[in-house]
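In what comes next, subunit A is part of two complexes: it sits with subunit B in the first one and with subunit C in the second one.
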Partner chain A sequence: MDISFIAMQFLSGLMMATLLFLVASGLTLIFGVGNVFNFAHGSFYMLGAYLAYQAVSVWHANFWLSVLVASVGAGIFGMLAEFLFLRRIYGRAEEGGFQILLTYSFILVIDDLVKLVWGTEYKSLPRPTGLTGTAEIFGLSIPSYNLAIIGIGLVIVVIAWLVLSRTRSGRIARAAALDREMLGSLGINVPLTMTVVFGIATAMGGFAGALAAPLRSVSPGAGIEVIIDSLIVVVIGGMGNFWGAWLGALILGEVNSFAVATFPEWASLFSYLVMVLTLIFKPEGIFASRKIRRI
Partner chain B sequence: MSRSKYFCVMALALVAALVCSIPVYAQEKIIKIGALYPMTGRAGLYGLDSVDAAEMAIEEINSKGGVNGYKLELTNTDSKAKPDYSVMVAKRYITQDKTHFLFGVVSSAVGLALTEVSKQYKKIFIGTDHASTQLTTDKFQPYYFRVSNNTFQSMAAGALYLKELQQTKPWETIAYIGPDYAYGHDQWQELKYNLDRFGVKYKSVGEYWPKLFAPDYTAFITSIINDKPDILVAGFWGGDTVAFIKQAQPYGLFKKTLYFHPDAGGNYELMSAMGSELPEGLVLSARHHNNWPETALNKEYVEKFFKRTGRYPTYAAEGAYAGIYAIAEAVKKVGNPDDTEALVKALEGLKIQLPEDPEGFTSYIDPETHQIVQVQAIGLTKPNDKFPPAKMMLGDWKIYKAEDLLPPKDYAERLKKK
Partner chain C sequence: MKKSLFNKDIIFWGLFVVVFGSVPFLKQSDYHLMLANSILIWGMFAVAFNMLFGVTGMLSFGQALYYGLGAYSVGLVVKNYGPSLFLPAIGLGVVLAVITSILVGLLVIRLSGVYFTVLTLAFGQLAWQITFRWYHFTGGDDGIQGIMPSGVLENHTVYYYFTFVLVILAIWFLRRVANSPMGLVLRCIRQNPERVRFLGRRVRRNQLRIYVISSFFAALAGGLMTGVTNSIHPDMFYWTTSGEVILMAVLGGIGQFFGPFIGATVIIIIQDVVGARTEYWSLIIGLIMMVMVLGMPRGLVGEIRGLKARFAPGRMSRG
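For the complex of A and B:
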């Protein structure tokens, strides 16, 4: 294995990791803050991809505008889902089970909705203008759109960190993760916080879907495919741990990339192996330093 | 609504349902076909196309008076592509609905489960889309018939294509990528078997097994580029093909390596999804093509489907269309849909002229394996906007004779031994 091939596989892994992180970050945010496991998070990703398709192919909008449309659209949908349905089951004794059932039903509803509006044919989005070619770095040819995605992922990590640690809203979100009742008694509108956080999380799902759309096939059922890997990322990184999600995605992406290059027949086994080892030896997630700290 | 009122309404509804359904059974004799196509998820398009095409065939036959005084009737239940669920529905079709034929199925896993039900209840199962060779070789049972090509036939045609290619454009190395389940593995085994059988010399430099429906192929692509194969054989279907091609194209993979995808690669859904993004010069095939052969029957079939649904058909549609005609022909020969043993005899060796048959050839069902025998055409992607939204279609066809694509007599034995 020569050095340029190793660099190439590393970049491939980074590319996979970035898209994984973008999906998993919303999943981990809503788990961290709201203690809600949103099984339908992948469906918001799919919805984002379809909204981007709608904006670009039907309304002939600019690609970056369509990413905005997708994020906002998925966010509004998410807030509606939280406000109308999820809110009713908070605090019930059987909440965990209800969450899975309810959010699973969102998957079915969103899948059928997408089929009604856009049909079952596969949709495809071209890469945005200016990013259709390849870029040369250190003698390696990398598709420029892939590089752009890796960059966007890094920006999102930094923005999310700044918002969560340096702003008042971020502090409220982190407080909600620790003690919702206490936050309420301090005069914070907790239900509103929950709706907004859910909206931001699903908007991130929609954002990831829109960014991935030029690389993947947009079809009903696309949400299911990403949710499993995202879940592995979240388990590795620690449920509700934002930084953990980024590092978890990086580990999963690189493990997968080098497994494909060295043991192609067993490649898919390795990601599960990492998860199983994490669950056995550090069930709270590799990067959870203290059990209580989330986000 | 009060309780008594509620019961009144329910009772009325029940009576209405009974009244409406009685005359249908009293006046008409019906051939009942119980279909199990997926309507949701990634294979949903194949299911939808199949049901539309089957209904189109049924309308054509019924509008001409049906078969021997019988009208055809199709019921479809969403198989959800799940074998256990499909088995339950199939048993209900047979025991409660008194269905004459089991029909359909996109997934080979569901096909393999249903062929057991068909064997157990001695009910004919017409397979229209699933391609696993096992159903007509080592898992063969006398009540199963398949009316579309299996992967062995596609791979035999593929091996012949590669053999000819070696004479004009010498190639040595080959790599494979396909989904990590029976369908993906079968294709690679069958291609290698056929290459050996036709005496083609090659060196395999890589095998890759992504999960079915994997969204990201980047790591596979960069690793394949590093292997530098002359030919990359792909065994994807559906959206996986779209995703792989989209991700591989900016890496320049198709400039370095010939992309070769002879079973499901040439399905119209790829052309319709990718439009002008589809690269030129990929070598693809499928079980039916919208622009080949240019016979009146094929043109009429494609246009009629388009008028009916507003979209051009994927290959799954023609399988279902063929299945309905096979049932109609068999019932015509026997005179009724109830004598299963006579119907089996009638289907064995049955000849039916189908949209995918080129001039001078008629598809027929091999009496020994119950597999339909058909011609296979492999083509290159070329600009062609006659079937929008596709901007590329296949052209420069190479045609492979049906008889050359059948497995040798001892092939079923070989599989059983494994």
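For the complex of A and C:
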């Protein structure tokens, strides 16, 4: 195991971590702000990938324009889902269980709608022009698209953090996480805030799906794989915690990348191993932002 | 109040025994017998699942793990050692499920609410991954076909009555648990775990107990099902299997003891009628789930009871 192998795997893990973070941060945003657990978050990722495919292959749009279409499309679908369905069960007794059941029904419906529209066969996207080759860094040749993803991910992390911590909208979102009623009496439109936050989070899911489409082929059922990975991420990092999601994604991405290179057949089991270890030693997550009600 | 509850139980059991007991005489083909047998087994699975969700408030999305374990124990034992070990294999599956559920349970009950659901899902998917990849042991994606029980159980009618008796025993046992002091503690855990602790009852221990009991019957359901379908498949471990049993419970009514059984009956009949005609099965169950959660959260049985209470004579003023 020489140094260039380790560096290669590290970069590939970083790329995986970026994609994971983009999905998981949306999940954790909805949970942290709205206290809504969106089990269907992976389905919005899948929807993003399919919308990007539609834009590139059918409408012959530019790749980056397609990513935009995918993010906006997934965001609009997310806002509709929140506005039409999810909103009706807020505050109901045993809300948590019903949220999971309702968002579970979204998974089933979106899966079949995708099948109806795009069929069951695997779809793949070409890499965007200009990023098809490799870049040389310290004598290593790395696919330039992977580097682009890592860069985009970093930019998004910084923007999201700045928006959440420095702007008025970010403060409103964080206030909604603490006390919705108080926020409402201060004259903020809380239901609208919730819908918008849901839309932003699902748009991030769709964005990640579109970015990942040239790397992994898309098929119906991708939603559930993605949601389980992002759940492991938020379990590691502590749910509702922005930096926790980032750390969780980094750990999972690197573990996955090295596992794929060393034990290709059993690589997928390593993510679960990390999760089980976290649960044994720190069940509330490494970066738990609030004390989970442990019963 | 107690007396009327008792009467309702008698009515349910009477109907249950008459309807399911007469299937072998009324059936037009073995297919009907298979359908009734599936309803019995899934009904038991759903009632046992509801002891976790409806009674204790623990929404497990990973009961497929135990269902699959029960089924694969039977399938692998019969394939490797012959059909004479069919019954001991069911026992083996159940024992394995108890051991696994204690180990997994100790981990997953450390967290509650959404976290619990997510963890059970992850463990279920882990089991699915292992089954799917361990090709030379489990047969991977192909599964195993041609698993037959031996001796008198080879006869479909005998096998049907065999499961019928087991399901009656199982539901009777679960009913006892639900009405026992432990059942009361479980209900309290759903509503206010902290108070249960103040009252000197152990929350975690009771949660673990019901998790193990529920998993025991999930494995029994899996084992019995192999005798009906004669095959096993990794999908038995897949999260959709867990989702299906949840749907049955929600459709029937999670607040009612027998609700999930009714839910299982309705789902299996719908699956039989609709599933044969369309490939968009998950769209249909997704829409059913959506309607139930948004419009009828008490489930079919709960809503009907609600209507009855509303229009009962002398209670109009309450409406």
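As a convention for this text, the second predicted complex is superposed on the first by the 277 of 295 C-alpha atoms of A that agree within 3 Å, B and C clash if a C-alpha of one lies under 4 Å from a C-alpha of the other, contacts with A are read in each partner's own complex, and residues count from 1 in each chain.
To be clear about the criterion, a contact is a pair of C-beta atoms (placed from the backbone, for glycine too) under 8 Å apart; a residue touches a chain by one contact, two chains touch by 3 or more.
What you are looking at is a predicted structure, and each value in this text was computed from that prediction instead of being measured.
Asker: Please determine, from the superposition on subunit A, whether subunit B and subunit C clash or fit.
Answerer: The answer is clash.
Asker: Output check: A:97 vs subunit B and subunit C. Expected answer is one of first, second, both, neither. What do you get?
Answerer: Touch status of A:97: second partner only.
Asker: Tell me which partner A:88 touches in the superposition: subunit B (first), subunit C (second), both or neither.
Answerer: Touch partner of A:88: subunit C, not subunit B.
Asker: Of the partners subunit B and subunit C, which touch A:215 in the superposed model: first, second, both, neither?
Answerer: first
Asker: For A:115, decide between first (touching subunit B), second (touching subunit C), both and neither.
Answerer: Both partners, subunit B and subunit C.
Asker: Output check: A:182 vs subunit B and subunit C. Expected answer is one of first, second, both, neither. What do you get?
Answerer: In the superposition, A:182 contacts neither subunit B nor subunit C.
Asker: For A:268, using the defined touch cut-off, is the partner it touches subunit B, subunit C, both, or neither? Pick first, second, both or neither.
Answerer: both
Asker: Check the residue A:159 against both partner chains and state whether it touches subunit B (first), subunit C (second), both, or neither.
Answerer: neither
Asker: Just one of 41-49, 113-121, 149-157 or 167-175 in subunit B hits subunit C in the overlay; which is it?
Answerer: Clashes occur only in 113-121.
Asker: Do subunit B and subunit C touch any of the same residues on subunit A, and if so, which?
Answerer: Of subunit A, residues 111-112, 115, 224, 265, 268 contact subunit B in one complex and subunit C in the other.
Asker: Quick one: which bits of subunit C touch subunit A in the complex? Just the residue numbers, please.
Answerer: 53, 57, 59, 61, 107-108, 110-115, 117-119, 121-123, 125-126, 129-130, 133, 189-190, 193-194, 203-204, 207, 239, 243, 246, 250, 279-280, 282-283, 285-287, 289-290, 292-294, 297
Asker: Given the complex with subunit B, which residues does subunit A contribute to the contact?
Answerer: 5, 8-9, 11-13, 15-16, 19, 111-112, 115, 119-124, 126-127, 132-134, 141, 143-146, 212, 214-217, 219-222, 224-226, 256-257, 260-261, 264-265, 267-268
Asker: Touching subunit A in the complex: which residues of subunit B?
Answerer: Subunit B residues touching subunit A: 40-42, 44-45, 48, 180, 206-211, 213-216, 218-223, 225-226, 238-240, 242-243, 246-247, 250-252, 269, 272-275, 277, 311.
Asker: State the interface residues of subunit A toward subunit C in the complex, per the touch definition above.
Answerer: Spelled out, the residues of subunit A in touch with subunit C are 31, 37, 85, 88-89, 92, 94, 96-102, 104-109, 111-113, 115-116, 224, 228, 231-232, 235, 239, 265-266, 268-269, 272, 275-276, 279-280, 283-284, 292-295.
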